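In order of appearance the chains are A, B, C, D, E and F, and numbering begins at 1 in each one.
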Amino acid sequence: MSKGIANVTVGQPFDDFLLIKSVTRGIASNGKPFLTLILKDHSGEIEAKLWEITKEDEEEFVQETIVKVSGEVRQFRGKNQLKIHQIRPAHAADGVKIEDFLEKSPVPVEELKEHITEAIFQMKNPNLQRIVRYLVKKYEKDLFIYPAATKNHHEYVSGLAHHIVTMLELAKKIQSIYQNLNLDLLIAGIILHDLGKLKELSGAATPNYTVEGKLLGHISIISEEIGKAAEELGIEGEEVMVLKHLVLSHHGKHEWGSPKTPQIREAEILHLIDLMDAKMNMMNRALAQTRPGDFTERIFALDNRSFYKPSYQDYESS
Amino acid sequence: MSKGIANVTVGQPFDDFLLIKSVTRGIASNGKPFLTLILKDHSGEIEAKLWEITKEDEEEFVQETIVKVSGEVRQFRGKNQLKIHQIRPAHAADGVKIEDFLEKSPVPVEELKEHITEAIFQMKNPNLQRIVRYLVKKYEKDLFIYPAATKNHHEYVSGLAHHIVTMLELAKKIQSIYQNLNLDLLIAGIILHDLGKLKELSGAATPNYTVEGKLLGHISIISEEIGKAAEELGIEGEEVMVLKHLVLSHHGKHEWGSPKTPQIREAEILHLIDLMDAKMNMMNRALAQTRPGDFTERIFALDNRSFYKPSYQDYESS
Amino acid sequence: MSKGIANVTVGQPFDDFLLIKSVTRGIASNGKPFLTLILKDHSGEIEAKLWEITKEDEEEFVQETIVKVSGEVRQFRGKNQLKIHQIRPAHAADGVKIEDFLEKSPVPVEELKEHITEAIFQMKNPNLQRIVRYLVKKYEKDLFIYPAATKNHHEYVSGLAHHIVTMLELAKKIQSIYQNLNLDLLIAGIILHDLGKLKELSGAATPNYTVEGKLLGHISIISEEIGKAAEELGIEGEEVMVLKHLVLSHHGKHEWGSPKTPQIREAEILHLIDLMDAKMNMMNRALAQTRPGDFTERIFALDNRSFYKPSYQDYESS
Amino acid sequence: MSKGIANVTVGQPFDDFLLIKSVTRGIASNGKPFLTLILKDHSGEIEAKLWEITKEDEEEFVQETIVKVSGEVRQFRGKNQLKIHQIRPAHAADGVKIEDFLEKSPVPVEELKEHITEAIFQMKNPNLQRIVRYLVKKYEKDLFIYPAATKNHHEYVSGLAHHIVTMLELAKKIQSIYQNLNLDLLIAGIILHDLGKLKELSGAATPNYTVEGKLLGHISIISEEIGKAAEELGIEGEEVMVLKHLVLSHHGKHEWGSPKTPQIREAEILHLIDLMDAKMNMMNRALAQTRPGDFTERIFALDNRSFYKPSYQDYESS
Amino acid sequence: MSKGIANVTVGQPFDDFLLIKSVTRGIASNGKPFLTLILKDHSGEIEAKLWEITKEDEEEFVQETIVKVSGEVRQFRGKNQLKIHQIRPAHAADGVKIEDFLEKSPVPVEELKEHITEAIFQMKNPNLQRIVRYLVKKYEKDLFIYPAATKNHHEYVSGLAHHIVTMLELAKKIQSIYQNLNLDLLIAGIILHDLGKLKELSGAATPNYTVEGKLLGHISIISEEIGKAAEELGIEGEEVMVLKHLVLSHHGKHEWGSPKTPQIREAEILHLIDLMDAKMNMMNRALAQTRPGDFTERIFALDNRSFYKPSYQDYESS
Amino acid sequence: MSKGIANVTVGQPFDDFLLIKSVTRGIASNGKPFLTLILKDHSGEIEAKLWEITKEDEEEFVQETIVKVSGEVRQFRGKNQLKIHQIRPAHAADGVKIEDFLEKSPVPVEELKEHITEAIFQMKNPNLQRIVRYLVKKYEKDLFIYPAATKNHHEYVSGLAHHIVTMLELAKKIQSIYQNLNLDLLIAGIILHDLGKLKELSGAATPNYTVEGKLLGHISIISEEIGKAAEELGIEGEEVMVLKHLVLSHHGKHEWGSPKTPQIREAEILHLIDLMDAKMNMMNRALAQTRPGDFTERIFALDNRSFYKPSYQDYESS
């Protein structure tokens, strides 16, 4: 794999495939139309201009197209730009595919599937188990490719499944300390809590909010799905209501979009585990790009804080 | 009808039927058990003590029992108390029934039913109309006796239906001014917005929050019901999502328990109409007990404000 | 009327009259002075540059001048610009006037005047009626041309009167439902509540905040005017205090600039009617520019929300 | 002067004059009416019960009556009570007057008058000086007896004048450091800023909020008075607007009831001086009742904080 | 061990030892002094009155005295009271000691000591290890008997050590998932984060806030102690600053009393672990007193929420 | 002294020395590297571009270098730019030094030193005096050159000492009015309150936050220093704790970074004096650049308000 567009230094040439993430049309000062492209690969993204374009160019260079580009990285107003010398759409013969240009979960999908399957298998409460299995089956295809969010945390391919699996690990370890936590309930809550995102977001590659996502939100969507699944499966126990509560309250506060605050012990812990994994994901990724003795960029979703990476000897090697 | 327990002056005798709203058992300083009763009729409520009680007393004088009491109104630490001389449970022969002891909607139930039926009849969008009709039918029995809340506003028998009907009137008048408001959508939203309260509250006479009400809340309950109704009726249009949005957002803000803020014009107006009718109900009832030139008691749900009743000549007679 | 500058597509020529809304002088990279003009007509506004200007140009092309421009619409950094080929100030012979370049109330001024006059005529309380008539007379000239605000809602010629008239309609309809609302008091409060804006803002065409407006605010200004009017007219009843209260509290909360929160029923309703009309005005105008199935731009004064326009069949045609 | 009711220890007898601050009628458990009196002198207040009262008692023992009481101080539920043995209204011959029972400014009224007169005399700007003199003259009688508030700070006879005079001293000292502060403007603002309290409160002895005070507030009341005074005196300079701004903004924030935040340097400083004197007044009086090494009671108006009085040797004697 | 005062039903006799938690002196309506005692044992506490007391009684029955009481449990205004028949101070011969009357950590002290010793032993960074060992040694005596707080969570003997040990377990488990967390830093932060409470609180039995605790707070106290320990030990590495940061930021937000928000990954996680253990401790203890199908009392420190204990079959037995 | 770069009008030439405040390297559209310089003198700062630079240029033109520049002031996107004709680093022979290019305290350093020395000399409490003297001596060098902040108020050379001295003047004047304020304590608190900034900031010329400053903050830094100083000097009185409290609480609120709110009278006053001097410094400097009748720019640290400069005759000349 090439080192990626984000790692080319200013002044250096570039010659490789990139994915068009978005396209905007403009008119230059000479009156001619041009395109502003956001191009990306696994390493990050860069802006590029395509001047004096033709009708054909506009039809060829559209969102989600892979292109072969040669050019040079420049700097303009403090941001890198790619000066394009040559550009063409990829052919079938090039053997490149969209997945290669997207950031992916660091844990392979197969492993994620295995973890979730196993967690469901270990559940003892048949009502909870059947509901979870039914919904995982129903959404299986998207569940393992969607990100957990459009930005901030786990915003990469299979990010949602990665988030779920890490939360499951946390839940098991924490429950081994606080043994009166009901593990089945936690497992069910963790696997389902964000499943509504599969309807809230438009897809895995370049996810946007759907109309349904904006008007109803993933919390209400999945809560209703649980109700319907239970009806479908003929399940009537209190578990259904309790599980819906975990989902409805998992944002922890009204201000954060939950219509109910946690009122069951496992709901409170689900909220804390969700928070912890989201925060760790953001901090770890920002710190990975930071040298010892430096601070990360400000992270908006962590109250705009930046984080310091200590530089004393043992810190990294512990 | 008697003038009611709330209107007996301190020092006056009382001899009439009352409903036991709640009972608490205590031990007096002489070591004997006693009961603290909250007794009510249509006019209000009063506390009374029943000293040196027997086992039988405890079995007879339970919540929701109607009793015949003679006694005298006293004052104790600034609050009225009923000093009981004689008390007995009502017989069938007394011809009294629970409804007679509860505050009721000022508009008769039959009239409320008629208004709602007519509003549904006038709807033109068949999808919305069928969902509303289906749910009104399903909950018909409770819909016309439940209060709109346990306290604050419309907290009386048929209070929910009274609230709905006044909101319908407001919606029609306001839509005649802003004609691009979609009246069908407003009517559907108004009739359904609080229907989840029929599951959130335990009953019409002495309503408490149910476990389901506390854990899920009336907003999520009715939103899911709409989804199921649509499925049942085979309705798939965008109206279902839009109607759910109106319900989910009708509290107007996350802090007030809505998982979504209004993002459709009619949702915003539904929220404002709901607010206006709740506020008018609270202000009108407080002002009805206030003389010109005075302020009402502080009203907690109106930011703890008290309201002034002007005393200039034309104010009341306009 | 031409289709207006806001409706010319990028790359198209333009040849028509425009009003100069503002002018800023700069020095180009060649050391020569130039002007940045904001030009507007009834449809919207556009930026244009005037290069290598002379002393005379600077004297001719000043704020509130009407100019004849021919040029072409270009795009620069995502915003439209007008590339000027020719420009000259309008002659008397051109027969154009400032009003033609400003957005106007959709209801004609004469109709607005009639509505307000009639509302005053119908008032029964002579004290309130005389104060309102006195102040409307005093500010008659500006009242019917000022906008209701510099931005957000009713920010067009006669916007204030349009806002007042719609609020009067709302008040009458709402009072027909809640009949113990005092209509005279509502009418007086509605007509006067924002009259202080005639001193708070600098004019109808390109309104800015005056020093008096910034230091005192329209609320305190009109409250004092009511006091002086009453003194002038020899009116001493409680109505004067009550009317001032409606004006002082009409923003509803301290945080929104009201020195008092509503403590009279009609004050609370005045606040809600004001809110409802401002919100409807903003939503309606944003939705008018949005296609079914799309969301409006974010509206800052509505908590930065954007609004969805449903696309199901009956929505528009109801 | 006697040591005062607040300083009698539990179990000790008491025999002296007291002022009735408030009276409430109740019915005892034996069915007989009784009175709950709040009695006060310069030192503080105490509750007392008057059992088995006659019609005549009720007519004699009313608010603001001075009574001669003999009895004994008891403790009931953690609070002191005065057990009455004998009570009679004071005769003319007793030679007692209401003022003797109220807490007073520590600085004599005559001295306060002198300070304010002198400050006005020293003003150089004739417009500001004439407005201040006019309003001080108009409200002279109340200005020197009213408290500055009903509770929290300077809530004693002549408290308002005491507050003004201390603020004037602060202003002069502070202006000697920041010499570009305009002293005339500060003096005018300080003397007038709370003058509206003379209409907001009902009197000096047992002050309550008036209807006008509740509906309009002292800020708007005095701002309008300044406008009328200027008109009366034929003054039209910018000073009038600037002075009104100082008054309107002196609470510093919208949340604290100011319709405008300070936008003139002297307005900001007026707000800070007002805050400093109010805080010092509260802290000093609470600390005066606290021994070194202890904390004061919690002070509600200071964010419910309690303050520590250091006990190291030099602290008090510095 | 007896079942404890909290478990005696109303109307039942009681005859056992109790600890005097607090004493207040009052004067009864007959003019005689009496004492209000709060008496406690391991199970909870109860109020009792001692009437017509002598000088000797007052000297004998003081705070932290153990007494032998026989009496009967009554109910007064909804709260239990102990009606005393006989009472005497405990003799040496009774063989009772204060510790027997206090709630204790469910994990024995020796086990807690072992856990902490082992955690320190396992640390690899000598600088952090030496500072932690130095401070644990310095405060060893109090560390293993103090509560973690005066109320809300871990408010029992050895509560602080119990809180630390559970947090250490959490940290180890969580670090096994997020392996780039530095375990040494977490261990050091956990052991020291609340050590300032040993100076902030007055003791283990009936803890109050000390003057130093109120004026400086445990956060600043322990941060300074770390600085002094490092100086004493001649340690100068960056670890000292990093460790202080963990302590200063462990409340997570300025509003919660931290002068700095977490800016190091381990500081953020320390905060979350602290929060999780405090919340679990509160929820578990409240739920232990609640039957399936019921809600706990409202828990003030958890935003006044009450928690539901599910009643479906598998919940408890999982 | 030249009039300074901030006072050269657009289109005018400039030929003088400037200090390089910061340098950023970029690549121009022709592929050649260039530098963006921020150049400053005592009057303010300006941006300049250095095109087609050599390796040597990059080594010569670095931060904190003084350069001789000739060029012309232009305007670009509404901001002034300096078009460079010639540029060279200053020689020793030029006789210019960094201090000449920085804004300085309006009061000379020697005078500031004298004030602080005298204030310490006048202190009567030996414990407080010795601690203050010890820390002033320890930090003497930086104390008299550091700014009080990186921006907002007193952000110039010797700004911290200027801030301290003005606060000392305020304290003395205010204490002469409220004589029970302990002057020694105020003096000690004022001199030390911000001394931690000498470690929080990186230097006097182009101050940034140090790592220690970000992780610990000036409040905790100086509080610990006081503790260590007291230990070093063998001082153990309550003064040490009290003084630390003043420092820890001087931001007044948790939200503003104080771990404790003021709980000693002098702590509250220290906070208010700090606030007053910071606000006056900001307002005075903004108003100095504003003409009578105009408003200042918005001042972010004053809640984004802008301030009006009155234009009536006596305002300035009072």
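Assume a residue touches a chain if its C-beta (ideal position, glycine included) is under 8 Å from a C-beta of that chain, and two chains touch if they have at least 3 such contacts.
These are the chains along with the protein names UniProt gives them: A, B, C, D, E, F = 3'-5' exoribonuclease.
All values derive from a computational prediction rather than experimental measurement.
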Shared touching chains for subunit A and subunit F?
-> C, E
Matching chain pair for C-D (criterion: over half of the contact pairs shared, by residue number), options D-F, A-F or E-F = E-F
Do the two copies subunit C and subunit F share over half of their interface residue numbers, or under half; same or different?
-> different
For subunit C, which other chain has the most distant CA centre?
-> E
Could you tell me the distance, in whole angstrom, between the mean C-alpha positions of subunit B and subunit F?
-> 62
For subunit B paired with subunit C, centre-to-centre distance based on mean C-alpha positions, whole Å = 42
When the centre of a chain is set as the mean of its C-alpha atoms, what distance in Å lies between subunit A and subunit C?
-> 44
Among the residues of subunit D, pick out those that touch two or more other chains and give their numbers.
-> 211, 214-215, 242, 263-264, 295, 308
Pairwise, which chains touch?
-> A-B, A-C, A-E, A-F, B-C, B-D, B-E, C-D, C-F, D-E, D-F, E-F
Across the complex, what residues on subunit E touch subunit D?
-> 24, 26-27, 29, 31, 33, 211, 214-215
Hey, which residues of subunit C end up touching subunit D in the complex?
-> 211-212, 214-217, 219-220, 223-224, 227-228, 231, 241-242, 244-245, 248, 254-260, 263-264
Going by the contact rule at the top, pick out the subunit B residues touching subunit D in the complex.
-> 10-11, 72, 74-76, 78, 293, 295, 308
Quick one: in the complex, what on subunit E touches subunit A?
-> 124-125, 127, 166, 169-170, 173-174, 176-178, 180, 182-185, 237-239, 242, 261-265, 268-269, 272, 275-276, 279-280, 283-284, 287, 295, 302-303, 305-308, 310-315, 318
